[in-house]
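First chain written, first letter: the chains are A, B, C and D, and each begins at residue 1.
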Amino acid sequence: MPDSTPHPSPLELSSPDKTFLDSNELILNMGPQHPATHGVLRVILKLDGEKVLGVECVIGYLHRGVEKIGENRTYAMFNPYVDRMDYVAAVSNGLGYCETVEKLLQIEAPPRANYIRVILTELNRLASHMLWLGTHALDIGAMTPLFYTFRDREEILKIFEKYCGARLTTHAFRIGGCLYETYDGFERDVKKFIDFVPPKIDEYEELLTSNRIWVERTKNVGKISAADCKALGVTGPVLRASGVKWDIRKALPYAAYPDFDFEIPVGANGDTYDRYLVRMQEMRQSLRIIRQAVEGLPEGPIMAKVPKVMKPPAGEVYHSIEAPKGELGYFIVSDGSTQPYRVRVRPPSFVNLQALDLMVRGQLVADVIAVIGTLDIVLGEVDR
Amino acid sequence: MSEETKSPPPGSAGEPKPAGRPWVSPLVTKLKTRYGSGVFEASTCLGQNCLVLDSSITHEILNILSEEEEFDYCVDITAVHYPKREKPFDLVWILYSFPRNQRLRVKTMLAEQESFPSSIPIWSGTNWLEREVYDMFGIRFDGHPDLRRILLPEDWKGYPLRKDYGIIEQDQEWVQANLGIESGQ
Amino acid sequence: MTPVATPFFFYFLAGLTLLSAILVITRKNAVHSALALILGLLAQSGLYLMLYAPFVAGVQIILYAGGIMVLFLFVIMLVNLERSQKEEQFNRQKVAGTLAAIALGGLFVAVFIKGKALFPASSNQIAEGSNTQQVGELLYGQYMFAFEIASLLLLVAIIGAVVMAKKRI
Amino acid sequence: MLDYVTSYLSSNTTPGQAGNLVWALIYILIVFGGVSVAVMAMNWLERKALAHFQIRLGPMRVGPHGLLQPIADAIKLLTKEDIIPERADRLVFWIAPLIILCASFAVYVVIPFGPTHAITDLNIGILFMLGVSSLSVLGVVMAGWASNSHYPLIGSLRSSAQMISYEVAMGLAVVSAILMTSLNPSGTGTLSMIGIVEAQQRQQIWYLFKFFPLGFIAFAIFAIAMVAETNRAPFDLPEAESELTAGFHTEYSGLRWSLFMLGEYAAMIAVSSIAVTLWLGGWLRPFPNALTGATWDLAFSLFPGFLFLILAAVAWVGVIRMPKHPYFRVQTLGLAGFGVVLGLIGLVLFVPPVRDRIQDIFWFTAKVAFFMYMYIWYRATFPRYRFDQLMRVGWKVLLPISLAVLIGTAVAGVVL
């Protein structure tokens, strides 16, 4: 087994005054209101000067009891709630949930619906990565990329808005397929967008990829090995940047992904810079998938035959998709009634955030910020 | 297969019965020969493999799965509450093996107040997952280095994902004391 | 340029120096002491200016007020003040302190009585403009050896500090 | 009394050197008022330029194109509640912003805007500037300590370490420029700010191009170190907002906070003035050696007037492009008035006596403005350095290079 030693709680919270300014140790409380914790994450840092001896994350400030709500809503009613978890990648959340329930109901979405799902999910992945890039760069001190990424993300949100009327929490899909047919000019808009974005990605890379300060700030920062990633359950771009070529879209394909030709970008060192490069590559791969999907968009129905009142047979199912942040899984237990007996969400951010302690030990305060940024967490998903 | 029919899992009342087929694989055969009646059930349901084990041997089997069978990634740990059952908790591990590209669900049943050995020595990433199960269901994990509530406040009373905890119920004392809301809602 | 209100400025600066010196030793809070010391150093550099030694005054500000005192503050802020206040200090040498004070006072009185005769008369006659050059020529000419010895001493101090602070070089 | 006032007009030095208190006071008022206005203008310009770097518009509401935004902000800050944290050291907390403000304004005493346009000239001018500006670190340390909070404490520790480190490289770069002033028959250099510019005038070269590339490298070192000295991006670690929220002034608000900002921007202008004086020929017009003669002198002296006329034209284009709607009437009138004022200033600048007196100040200000723009540009482009990297750059890169440049300059001065 790789490094699987249990790491004890880094801090003795019960006696904070014991260590204050004692033998150069300092407890620094970062958050829950802090510009760089991406929401209401509270990180307690134990410092020796500027060196981090350990961190403890205090989470739950955004806990809304999504899983409990799921047990008290019908399958269809719970669908919009999942959008509120990872609110920057709401479409992915919806896709995961719909596919899980479809699996439970043993129905399959028609091909056209699957293609639309892929297009929107990949657009959402782009939007999520753009937001990550902007905030990550801002954390490291580069202000300007934030505005560039928000400008381009706006185009994606416009497509969402035209498609389903919502920009952020879209509720784009329904169990069994899609509710909305594509609007007139959907394909034109998407094609225009995928022609418009590559030069913009070049622009971001021009600002950052070979920028000396950026490279110095991110290379060898927050390193994590492939073995540690697997032991900690870290998934998504973080895992791939450590050199593991694993993507659920390829490993356990879902929706229409088997039809498309794309590559899984991997890194070598597992440091912040590699994660940055992997995500930049992923953005380009997503564009590739969208191009294939929109060019091969089949005709046909967009909704499978779904009973008005959904009563899946008793049983349980776990299904996961590759969300922008990693493996997003849903474990649903049905007792044959109209409401799920138990809904469990396996949030990628929650599990990835656990690696923060390992990644920042022995590094500097400024690196904590960089690593929180590179983990790409959304607190709505961590806390649910 | 014979053991399965002989000794059904105890206290299955109220539990939804999955309509699965028996799962036949070298892994199951190996486990069954080694542990016999401890392996209650090995089924494939909707294309997903599931093992239901006796709680006394589950930790050992998880160890074997991790070390001998290459299940090197613990995707998730969660629990399900069946209040009417004799052993009201299902503790569920969802495992994945990178070399085999295979998922596996391991389940065991726990009684009220029964604790379970922590799997942090096997997969270090289960730390927070176990804390969440403790937070939401009150299942204790022995040997966990830092078993505190994770999502809810530390001095919260009650375990919200148990079935006897209503949807609008909350720790009114805590809300009154900490948020200053008179009604506690 | 003719000097304006020289006595006023002299007494003002001298008074400020004395006052801040008293504050340095009476303040309980070490940071306040350090700040008072900075004020004293600044007032002193004002006195240097009045003596037509602008270079010395400038160096006083850069090195002492701007550099060394910042390091002082730096250290004071880092160490555990609450604890050090409680600990027994080893400055309870009343006899030695009194003797030293008496000796210093005697020196001052002697200087006051003897007056200008103690010092070479030429120090007042350096023209304002050439002051910096003169300092340079003296340092690198007549007092070259002493200057270099002083810098060697500082080098030793630096190495000593590094050895003491670093566990592993 | 009147004679005392008018007697200065015929003298050929700064009021400080002439010992004329009245004129010194007038100059002090002009310089400090001017710097305060420049800080406000810089505030507006930074927000506007930064916004345009980032495909935004920046302030647009208060006054035409947000021109009155700094005034609105100033009023807001002045009327804000003054908060002192409960456990803060009140006295030190109170003094800290004043120290920073005094330190960054005191250096303007010796900045030469022209051969006689300075409050005074000290024969240790540059030393005085470096010394006094180094005092502002005291204010930073005091602010961080007095706030009794962790973020300000760490911010002030960082900034004191940073400022002391970069002062070394900065000082060495300055020394190499001062060495160049001693390249005259008598062999004596000068520390006086006016003397340094006059030395460049005599040698007919800006020190930026002297002993190329030595002068240029020294200038580059200074240009980097001065960004670090003023805690600006990419060296803005003491106030790195993503890590330390606002660094040493986290606990400050309202008026005190605005004093910090005023001090910071004034310090930026001050260090830029040092760079301009030492390497870019101070008040000298461009190409003093190549384009000589009365015609060129006249052409360059008309430059300020034309610039103001162009600015007026830009304002008037803005007036024409304003939407014709009653809602925008006040804004349009304001912009038109602004254009008229600019145009009038431009016309006044063509009058010969004004023209001759003002053009030194104009060239000096234009060069400083270039640095101000660079500050904004850095901020829009660069990510932030990490603390250890910052220290490495200061001690392992800038310091050795500046030492080498110093030795090289000395050798070149002897050999050439």
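In this section, a residue touches a chain if its C-beta (ideal position, glycine included) is under 8 Å from a C-beta of that chain, and two chains touch if they have at least 3 such contacts.
Predicted, not measured: the structure shown is a model, and the values here were computed from it.
A.B. asks: Going by the touch criterion stated earlier, list every chain that contacts subunit A and also contacts subunit C.
C.D. replies: D
A.B. asks: With centres defined as the mean of C-alpha atoms, identify the chain lying farthest from subunit A.
C.D. replies: Computed centres place C farthest from subunit A.
A.B. asks: A-B versus C-D: which has more C-beta pairs touching?
C.D. replies: Counting C-beta pairs in contact for C-D and A-B gives the edge to A-B.
A.B. asks: Centroid from C-alpha atoms only, then distance subunit B to subunit D, rounded to Å. What do you get?
C.D. replies: A distance of 66 Å separates the two centres.
A.B. asks: Could you put a whole-Å number on the gap between the CA centroids of subunit C and subunit D?
C.D. replies: 32
A.B. asks: How many angstrom lie between the centres of subunit A and subunit B, each centre taken as the mean Cα position?
C.D. replies: 25
A.B. asks: Which integer distance in Å separates the CA centroid of subunit A from that of subunit D?
C.D. replies: 45
A.B. asks: What parts of subunit C, by residue number, touch at least two of the other chains?
C.D. replies: Residues 78 of subunit C each touch two or more of the other chains.
A.B. asks: Taking each residue of subunit B in turn, which ones touch at least two of the other chains?
C.D. replies: Residue numbers touching two or more other chains: none in subunit B.
A.B. asks: For subunit D, give me the residues that contact two or more of the other chains.
C.D. replies: If we look for residues of subunit D contacting two or more partner chains, we find none.
A.B. asks: Can you tell me which positions in subunit B touch subunit A when the two form their complex?
C.D. replies: Subunit B reaches subunit A through residues 16-20, 45-46, 48, 50, 66-67, 72-76, 78, 80-81, 92, 94, 98, 101, 103, 105, 118, 120-129, 132, 136, 143-146, 149-153, 160-161, 165, 167.
A.B. asks: Given the complex with subunit B, which residues does subunit A contribute to the contact?
C.D. replies: It is residues 1-9, 59-60, 63, 65, 67-69, 71-72, 103-104, 106, 230-234, 244, 246, 251-252, 313-318, 320, 327, 329, 331, 333-336, 341-342, 344, 346, 350-351, 353-355, 383-384 of subunit A that touch subunit B.
A.B. asks: For subunit D, which residues count as touching subunit C in their complex?
C.D. replies: 16-17, 19, 21, 89, 91-92, 95, 122-124, 127-128, 130-132, 134-135, 137-138, 141-142, 144-145, 153, 156-157, 160-161, 163-164, 167, 188, 191
A.B. asks: So in the complex, the part of subunit C that touches subunit D is made up of which residues?
C.D. replies: Checking each residue of subunit C against subunit D gives 1-2, 4, 29, 31-32, 35, 38, 54-55, 57-59, 61-62, 65-67, 69-71, 73-74, 77-78, 128-129, 131-133.
A.B. asks: Write out the stretch or stretches of subunit A touching subunit D in their complex.
C.D. replies: For this pair, the touching residues of subunit A are 26, 28-29, 34-36, 50, 137-144, 146-148, 151, 207-208, 211, 213-214, 216-217, 364-369.
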